[in-house]
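I'd like to ask you about the structure that follows.
Going in written order, the chains are labelled A, B, C and D, and every chain counts its residues from 1.
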C-alpha cells in the first residue's frame, strides 16, 4: 500500500508540467545553465532509470533522494520538520477529544433537550467549515485583537512553541470534532440504555464512577476507531493549517516542494505521511484491542 | 570612471537621502542612501538583532550559479563585487576604490580598496579577484558575464586590469551585480561544495546558522572593512512562506522587518504607529506580453488597439494602491535613459482603440487566452481588469491561471497568446532590459514574444558600444519610442520595492534591485 | 417431480469440514427428513443441495444427472430453498409483488401479461391475501413472511423443495400452519421435499424417509415408520427417547 | 393431521400496509432536521438559480475608482478591490461553487458505489485489489493528491472534476463494500441467487436499493467536502478561473484587507458554512427518515 502511494506520487509528479531546474534558476536563466543543472540533478535520465535510482535509495538508505532545491537529504529535511507537525497533530487530537467528550456526554445525558439539540448542530456547522478560513478568523480574534497567542510561526522561548501551536491545533480540531461528537453521542446513548449500566445504577454505584469507569470506557472504543479512520484527513488538514499559520513543518515543506517540483521531497513527504497513517492506525487498533476484551478473545 | 547621467530620483527618495546625508560616513563617492531612519539626529547604537521575514529560504551561496532573489540577497551580505550601486542606481566604488577606463572603452584598470580582508582575516589580493571572475567566466551560470572579456590580469599589490575585445558600456553595471562578488583564490584549498557550505567573503556578515529549507542566521563580520559596521550583531532571515503571516507577524512584533510587502497591505501597515514602510523605486516593470507569432497578436494594429484600450492609471491605482508608478516606457525612471516622461506611450482612449482595431485584420474582435501564474493576487486582479477593458472593444479574453512552474513551462515553450509577467533589470544600465526584451537573437527571443524589428536590433547593438552620454541616451530613447509604437508588450506600471520594519529599526538602505544593505542599519531600545 | 441423490458428498465451509461422506437418495415425489442437533451439519447439507456451497468430493444428482460445480439457471431453478429465518430471507426494500414478478419474468414462466394473475395465484397457494402483494416484508408477521418465502420458492416452479428448519424461528402457534401448508403443497404440486428439522414430531408428520446426522456424518437412513418404531443406531434411540411425548399417527 | 386446506390468512389492510414512499414521507415530515435542512437548501438553490435576477449588479462589472467601498444603500455589502458589488458576487459565486460541487460529486458516487458493491459481493482477489487501492488512496493526504492532480490536469473546473473522480470514490467504496459484505450473507441474497437470478441483477436490483440510503447520506457529506475543497482550491488560486466569482477566491482577495474590511473575507466564508449546514441537515434528516427497522 505504501509502495502504491510512492509509485503513484512518482508518476503523478512527472505528469505535471514544470521543470525543477527552471524553478531553481528562475525565469531569466539561460537555457545553457538550465540544461547544465538538469544534467547535474540527473533530470535528463530516462524515467525508468530515475525510478530505479529512487527505489535503490529508498530501500538502501530509507531516503527518497537529495532535495533538488535544498541540496540536502530528504530524510534529514523530513526528520527535521516532522516533530512540529506531529506535535500539531497530537495537540489537535487532544483538543478534539477534550472538546468532543464533554459535549457528547452532556448531550447524551440531556437527550432531546435544548442542550442536546445545540450540540447536535455542531457537526452540521463543522463539516462545512474551510479549515483555512477558521484559521484566519482565529488569528484575527485571538492573536491580532486579543493578543493571547502569537499570530503564527513557532517561537523559541520555552513556552512559545506550545503557545504557538494552540491556535493551529484548534483550527484542525474544529474540523475533527464534529464527527467525533456525533459518533460519541450515539454510542453513549446506546451504552446508557445498556443492561449493565442499569444494573450498576441499581447496585447504587456512584453515578460518576458509572460514567467514567464504565460508560466512557465503552464509548471510547468507537471513538478511537473513528479517529483511526480520520487520521489521513487529520494529517491533510494539518498540512493546510501549517500554511495559514506560517509554521515550517511538513506542510510548508510539501507545498513549496510541489510548487518547485522538488520531486524527491514530495515523494519523501508523501511516503512519510502514508507511513504515519499506517503506524497511527496500527497504534489505534492496538489501543482498541487493549481496551476491548471481546477483541482479545477472538 | 564615466559620468552616469543624473537620474530623476523620486521625491521621497531625495528627502530620505537628505535626512541622513550628514549622518553616515561613507567614502566620498558613495552617497545617496535611502533610509528608513526617522530619527535623523540619533546616533547609531551597536548591537541587537534584526529579524527579517522572507517568503523563501536561502538554498545556496554559490554566487556564480544563482539568480533568484531569495539567494541573491543573502549572497550579497557575504560576497561583495568590485563596484556597487547605491539606492539611486548610481555605480559607486566598492572593493575597488577607483578605476580608469581607456579612451577606446577596452581597458578597465581597477585599484583595490586598502585594508580589505575576508571574514577570516586574510587580506584581499588581486589574485582573489582574478580567480573569482575567471571562475564565473568558466561556470557561465544563469547570469553569465556578457561583456566580451579578453583577459583579467593582476597588476601589482592592488591592481586588476580587465581587457575587453570590444567596447561594452554596460560592463561596470554588470560587474556591480551580486553574481560578480569576490571570494578567496582557490577557495582557500577547499572543495567548492565545502566552501559554499561555509562561505568566506569580504561582506559585512558571516553565516552562523543555516537551514537551507528554513531560517538563516548571520553574525556581524568582525573584520569588516568599514570600521564600526555593521552595527547589529545578528541578522536573521526567517522563513515565513505566507504573505498574510508576514504582515501579521510584523504587526505583532514577532519579527522586525519584512522583505516583501503586498501593496494591498501598505495602507494598514502605515496606519500602525510602530511600523515604518519604505517605498523605493525598483528596476522592475510589470507588463502584458503578447506572442507576436500568434495570429491575432502578430497584427500590429491589434496590439496597438489593446494598448489604447487599457486604462493604465486605473490599473495601477486599483491593483497597487498608489505604491507603484504608471509605466509609459520599457525602462523605469530608476535607470538611465528612461523615456517615461517623453510621452511615447499610446494613451487610454476606447474610441481610438476601436478605430485602431477596425484597421486590423480582425475588426470584429476575437477570443484569446491571457496566461497568468496562480497564487499572485496582483496579477489576477490585473488580468480581470484587462479582460473587462478588452471586452469593450470586442476582444474576448479568457484568463488561464496555472501554478508558477507550469506557467514557466508554458511560456518557455512559447505556448501562450498573451501573458502577464514582469521584466527586471539586474543592473542599472538600460541595455539589460532592452537586450532581454527586444533582441530576437537572445535566447528568450524578445521575452518570448518573438518580436523582431531590424531597426531596434541595430540600435541595441549600437547602444552596447556607445559610451555613456547624450548619444547613448538618444539611442535608448529611440528604441523605447519604436517599442511604444509596435507594442509587443504593454508596460503597465513600475512596482516599488516595499519594505516594512518596526520603527525601532533605523537606517536600512533599500536598493533598487530589492536588496537591503544592513551594514548601516541599527536598532534602538 | 424429480428424484434427488447425494453420493459420497463431503462439504466444507472454509477450511473446516462440515459434512463428511454422506449418501442419500430421495425418490421423486417423496419427502426426506434430515434430523440432528444444532451444529450437526443439517443446514450445510441444505446449502449444498441448492448449490450455495460447493462439494469437496462426491456428487449431487438430479434425476440421475450430476449437477456441476456451477449450476445452470434451469438447474438452480429446479431446486428451491425455504430458509430458516423469514426475517432475513426477504429483501426489506422489495414488495412481495416485486419479488415474485422478478422471478416470473427472469425465467419467463408466464407471459408478461399474466404476471399479475400468477402473483395473485401464488399468494392464494400459500393462503395469503393477494391484496397485500404491494406490501413490504416488515409489514407481515413471521408466519406470513415464511409463507411469502414459500411462494417465492414456488414461483419458479421447482421440482424439489428444500426446507431448512422452516418453523424454528416462528411462534409455536403458527408453526403448525406452516407445516400443514408445506405438506399440502407437496401433495398438490407433487414436489420432492427435503425437510430439515430438529423436531422429530414435525418430521414424523411430513416425511417418508428419515436421515439422522451427527457431527457431520450420516448415522442412519430409514423409512419413517421403521425409524420411529425401531431405530437402528444408539444415537437415533437417544434422540427419540429425548422427545417427551411421541405423537401417534 | 392430514392434508389441510385452511382458510386464506389475510394480512390486515391499512394502516398496517403502507407503501415505502409513504412511510418515508411520513418520517420525513416528522423530522425537523430534514425539514429545516430542505428549507435552507431550497433557499440556497433558489438564490443560486435566480442569481441573475436577484443580484443588483453584474458580478463582473468593474469600477476602478469605486473599489473597497464599505456597505451602503447602493452596495449592500460594499465593493471589492475592482469596484465590483460584493453581494452580487457572493450570489453568483454560490451558483458556481454549488454547480461544481454537485457535478463533481456524481462520478465518484457512481464509481464508488459500484466498486463497493462488486468488491463486497464477489470478494476474493478482486475485493483484495480494490481494498488495497482504497487503502492507498486513503493513506494519501487528501489535499496533496487533489492539488497534484489539479497541477497535472490543469487548473479550473476540468481539473477539479478529474481530481475528485480519481479520489472521491474511496469513501463510498469503503462504506458500501463493508455493508455489502454484511448483506451478502443474508438470506434474501441467497434466495435471489437460488431463484436463478444473475449476479448483475442481484447486485443492482437487490443489494443496491439496500445500500443506497447510506450512500446518499454519504453523498451529502461528500458534496460538502467537495465544496470546501473547491473553495480551498480557489483560495490557493487553483480553482475556478477569474472572472467567474468563487467563494474561495473572494476569501483570498479579501484577506489582505481583513483587519480593515473584514466582511470581504468573512461573508463568503459564512456562505460556505451556510451551505455546509443546509446540506448536512438534509443528509442527517435523510439518514433518519430512511432508516429501516
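The criterion applied here is as follows: a residue touches a chain if its C-beta (ideal position, glycine included) is under 8 Å from a C-beta of that chain, and two chains touch if they have at least 3 such contacts.
What you see is a predicted model; the values in this text were computed from it and never measured.
Each chain gets a centre from its C-alpha atoms; the one nearest the centre of all protein C-alpha atoms is A.
With centres set at the average Cα position, the gap from subunit B to subunit C is 90 Å. Subunit A and subunit D have CA centres that are 23 Å apart. In this assembly, the C-alpha centroid of subunit C lies 46 Å from the C-alpha centroid of subunit D.
If you average the CA atoms of subunit B and of subunit D, the two centres end up 49 Å from each other.
Residue positions of subunit B touching 2 or more other chains: 244, 375, 403, 405-406. Counting partner chains per residue, subunit C has no residue touching two or more of them. Each of the following residues of subunit A touches two or more other chains: 16-18, 136, 144, 255.
Contact annotation for chain pairs lists A-B, A-D, B-D, C-D, with touch applied as defined.
Subunit A contributes residues 16-20, 22-34, 36-37, 67, 69-72, 77, 80-81, 136, 139, 143-144, 147, 150-153, 155, 243-246, 248, 252-253, 255-256, 259-261 to its touches with subunit B in the complex.
Partner subunit D is touched in their complex by these residues of subunit C: 50-52, 73-74, 76-77, 80-81, 83-85, 88-95, 102-103, 106-107, 124, 127-129, 131-132, 134-136, 138-140, 143-144, 147, 149, 152-153, 155-156, 177, 180-181, 183-184, 187, 205, 249. Contact residues on subunit D toward subunit B in their complex (touch as defined above): 60-62, 64-65, 67, 81-83, 151, 154-156, 236-238, 241-243, 249, 252-253, 255-260. Residue ranges on subunit A touching subunit D, taken from their complex, read 1-2, 4-5, 8-9, 12-13, 15-18, 121, 123-125, 127-133, 136-137, 140, 144, 232-233, 235-236, 239-240, 254-255, 258, 266, 269-270, 273-274, 277-278.
Residue ranges of subunit B in contact with subunit A, taken from their complex: 56-57, 59-60, 65, 67-68, 140-144, 211-214, 238-242, 244-246, 248-249, 251-252, 254, 375, 403-406, 408-410, 412, 421, 424, 426, 436, 443-444.
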